[in-house]
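Presented sequentially are two complexes of chain A, the first with chain B as partner and the second with chain C.
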Partner chain A sequence: MTETTTDRSAAVAPRIEVATGQRAVEFDALPSKLSVRGLDFFYGKEQALFGNTLEIKEKRVTAIIGPSGCGKSTHIRTFNRIYELYRNQRATGEIWFDGRNILASGTDLLDLRRRIGMIFQKPSPFPMTVFDNIAYGLRLHFKLSRSELADHVEDALKRAALWDEVKHKLKEPGLALSGGQQQRLSIARAIAAEPEVILMDEPCSAIDPVATAKIEELIAQLSSAYTIVIVTHNMQQAARVSDYTAFFFEGRIVEAGLTTQIFENPQRKQTEDYITGRFS
Partner chain B sequence: MSADTMPGPLSAVPLRPRSVARRRVVDRLVTSLAWLAAAFGVFIMGWIVVTVVGRGIGAINWAFFTQSPPAGADLGGGLGPCIVGTIVLTGFAAVIGIPIGFFGAVYLSEFGRTGRIATAIRTITNVVLGVPSIIAGLFAYAILVKPLHHYSGFAGSVALAFIMLPVMTRAAEDVLNLVPNELRESALAMGAPRWRATLGVIVRSARAGLITSTILAVVRVAGETAPLLFTALSSPYWLNGLFGPSGFFGGPVANLTKTIYDYSTSPYQHLQQLAWGGALVIIVAVLGTNVLVRLVFQRGK
Partner chain C sequence: MRTREADIAGASGGGRAGARLRRSHLKLADPAFRWLTILCAAAVALAMIALTGVLVGNSWLAITKLGLKPLHTVAWAPSIGSYGALSSLFGTFVTTLIAMVIAVPLALAVALLLVELVHPVLSRVIGTTIEMLAAIPSIIFGMWGIFVVVPILQKVEPWIQSTPLGRLGLFSGPPIGIGILPAGIILALMVLPFITAVSRDVLGMVPTVVKEAGFGMGSTTFEVTRRISFRYALSGIAGAVFLGLGRALGETMAVAFLLGGVFDRLPHSLLDQGTSISATIALQFGEATKPLDVSALIELGLILFLITMVFQLVAQVWLARARRMTGSRA
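Let's look at the complex of A and B:
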């Protein structure tokens, strides 16, 4: 193969519009909701994360970007310790959440997972009605009367911008909704448990562009009340929805900071190459 | 990749195409062989059904279902007690075998997974699946008939349950393994304890398949004869109570399969006729249930 002679800086980089920058203030000025310190992760003997350190700012959207297999999902799957479902997966290091290291033994996983909700790539409604899907977390964690339950279900669906579409379908199975609706149902289900943090693992990669736009709009609304961490391989999406961005490469955080800065003035060459699509 | 870096041909050696005609012939051949094998299986099945229906239909009347087998060389009578007995024996076997098989499958697919214990259980299950059914009968004979000094329906049900257990475990585990991991993770990510996620979400999403597995496992043993040979034996009398000589725990229990075996080898033509009728009843029940279950639950998918 021949070496390309074109000068890198002369190539026209695709411009990515950063929309939410105005909300993001100086990184250090905001309190952190989650502080990751020296996080290592192993799949069996294979190490997937290497001593990562990251601050997740309260009531802001943090995007995690990077090429496939770089450890984005692995990283956020440590925040609610969901990886423990698989016996050969192991995390070491510290993740501080509300004054406690959640990786320490003795963490109440049920309460941790109520406070840190998660949305997955594939919409995954439970095999029950729309109403029962939302009520699932409420029934798990709270004692509610019948009417209180109905109120909270309605409230969660409204906050997930789904109420108007499903208010006459509450008794229908969650699986009968469209893909995009199912994903917002998953979000509503997570919201209903009154979480503080919402983790989103490529929430739009299995749904169409119109549904994606709705979810992105929803993320913007939710970020006033919740701390959101979103993994995405769509850089335009990261730029549109996030205040902060962390760029992962081969299990390491190459660069993290204000989204505007990462996209408009990256400090590291690897970041710049990835952002501008010159990655090989 | 830009145009100037496009690679050229991989090699200077020209690629020689394979013969299309030859591939077409091989394709036809393999297709016909597969078709023939399938047709042969269906043909044998059809032959059995046609024979059993042809010979057995004459025995089917109201008395067949309501009356006891004739005593001695009398004519008439029916297999009423045998039908009831087979239903009770199979039903009780299901009461033992299905829950154990179900929870075993839940353990294997949700908790044990690839662990050493689960692997061992899975291997043992496969071995038991291949154990000849007469061994199941011997086993029940050894633990329930010999020590108690009498045959019983209970021993027959235990023998049938022993055969049902691995069938249910494997079928249910296969069904549970079809539940996507994302659903498991979603339930646990809601802060659900493991048992609630398992029963409320995972088992629930697999329920159609689990019902199918259950029914097929039950039907699978309904036609078994060997396990009953030295456990439930058979009897010409109606099942009566629990502990008496005609009771479920107290003595031999009438059943279709053993009766078919006895009557088909008897010299009396009217008993042979009853045996054909019994065979027809079993085949219709087993085939009918199979077809019905598959129709109902395949449409649900």
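Let's look at the complex of A and C:
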């Protein structure tokens, strides 16, 4: 039931290097941006998450790892309540975000989704120009003059390390960019709306290694300003980019903590088996 | 139940020999099928060329004798030697325009409703109903127009004339219920299912992830629909509209009787009577006595043929663009 990627990583697992030691302050001491308490999730009658509890630390990168189908996507899709687009999907429990339970009724979903941006597995430029893609969220949420708009677009593209590549292509369709560029365009588009949290659901699984390296570098840069949650099935990637890691298995969080600890000294046997690729 | 294979094997005596025979026979099946396909395609192309040839050939007398005169003459009155196409062209375009003005917004609204808002089960039921509407023969629409729409308009038209709209001149004249307006309305009903079905399909081709990304930015359903889905589907919708337009242009036959059959002048208002290209051809053919009369009518047919071909072509180009855009092969 393990994926092929997991199998491949088995050979290299002992050599996984964890690069974020310097930022690894005591886990409990840092403020949480999102606190998940007893989160259950249902697809119709089928339960996909079982009473999960998780702390997402502010301005840190949290990686969510686990085998395919264990509920990683399901979990992060509750943070912006995007699952509500589908009639039969339902979440219960609590997700605290800035002193409010976002699962409670009365949450302003439009503002929640501005403050918690999302990047999807497949690059998803809107069918419009590069400029309009970035301006999309700005036009939606802010009242800006034309020149302010242009400034904000440039700023977002710079922060997404895309400006130099697209500054002469602002009027071209977003769909004309390369896959990796499209993915950074999506990141820039989310950044432009001035979010506090950025959710990424396997953002590199549809792009090539060079583009992946660029996105990982970008994640490192962005983590000084944003809280980032990244779902990945690539454990080296989790080790490289994240401060904290949560290991999911069959809808439950088996273990969560400092990435160094999860990868070098896992407390649970299941975690160890997954990390080392000895998984059945 | 016996399978086809068993039948074939049985027919050729059964056993292994039969099976081998069948395989060797199948080796030829693929190339044969390919050739058959090519042949059919060629036949269609040939038929098109032949059709154009016949139309040109039979209207040659009119083309050479009348030149460009029909294109700037209003009245169709062969008895006094006037072969004007303008009254017909005008009626065709105005009724089509009315049809599109009514049908396009309605079709888009229904398509969006079906794709974005209505429960999938209900959406499928309504969708199928609409597709069945598209299959109703157009003459039924025409009859329905005479027996239902006209009596209603006879009541509604005086009322419109009493409102401020009545002063616009668009609605002047005796409100007898037959004329340009009912023809446009019936045409609208005829193309509505068509445009709705195609628009629904192209809107359905918008990738889920793009829509989710839209909602993920904090958009409302309306914003996602208008700014993202609609743009994604735009070229496809344009294709659908042109398909509908082409159909409306050619389908004026069903409304021949609704138009009122006035061939020698342009209508004064929406309530006035007129004609269209296909109505003129259908209603005047029996009275065409001289060879030139017949030839001129066929020339009208040629004009209609060319116009609808152009719209078909435009529609195909836009639909192809839509498919490239969404990366869909549907």
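The criterion applied here is as follows: the second predicted complex is superposed on the first by the 266 of 280 C-alpha atoms of A that agree within 3 Å, B and C clash if a C-alpha of one lies under 4 Å from a C-alpha of the other, contacts with A are read in each partner's own complex, and residues count from 1 in each chain.
FYI, contacts are C-beta pairs under 8 Å (C-beta built on N, C-alpha and C of every residue); 3 or more make two chains touch, one makes a residue touch a chain.
The model shown is predicted, which means the values in this text are computed figures rather than measured ones.
With chain A as the common reference, chain B cannot sit beside chain C without a clash. Once chain A of one complex is fitted onto chain A of the other, the partner contacts of A:159 are absent, as it touches neither chain B nor chain C.
In the superposition on chain A, contact of A:57 is made with neither chain B nor chain C.
Touch criterion met: A:136 reaches chain B and chain C at once. Shared-chain residue A:126: touches chain B and chain C both.
Using the contact criterion defined above for the overlaid structures, shared-chain residue A:75 touches neither chain B nor chain C, since it reaches no partner. In the superposition on chain A, A:184 contacts neither chain B nor chain C.
Common to the chain B-facing and chain C-facing surfaces of chain A are residues 80, 82, 85, 87, 109-114, 117-118, 120-122, 124, 126-128, 136-137, 140-141, 186, 189-190, 193. Within the complex, the chain A residues that touch chain C are 80, 82, 85, 87, 109-114, 117-118, 120-122, 124-128, 136-137, 140-141, 175, 186, 189-190, 193.
The touching residues of chain A, counted against chain B in their complex, run 1-2, 4, 6, 80, 82, 85, 87, 109-114, 117-118, 120-122, 124, 126-128, 136-137, 140-141, 186, 189-190, 193. Taken together, the chain B residues at the contact with chain A in this complex read 2, 4-5, 7, 113-115, 180-193, 196, 200-201, 204-205, 207. Residues 119, 207, 209-220, 223, 227-228, 231-232, 234, 325 of chain C are the ones touching chain A in the complex.
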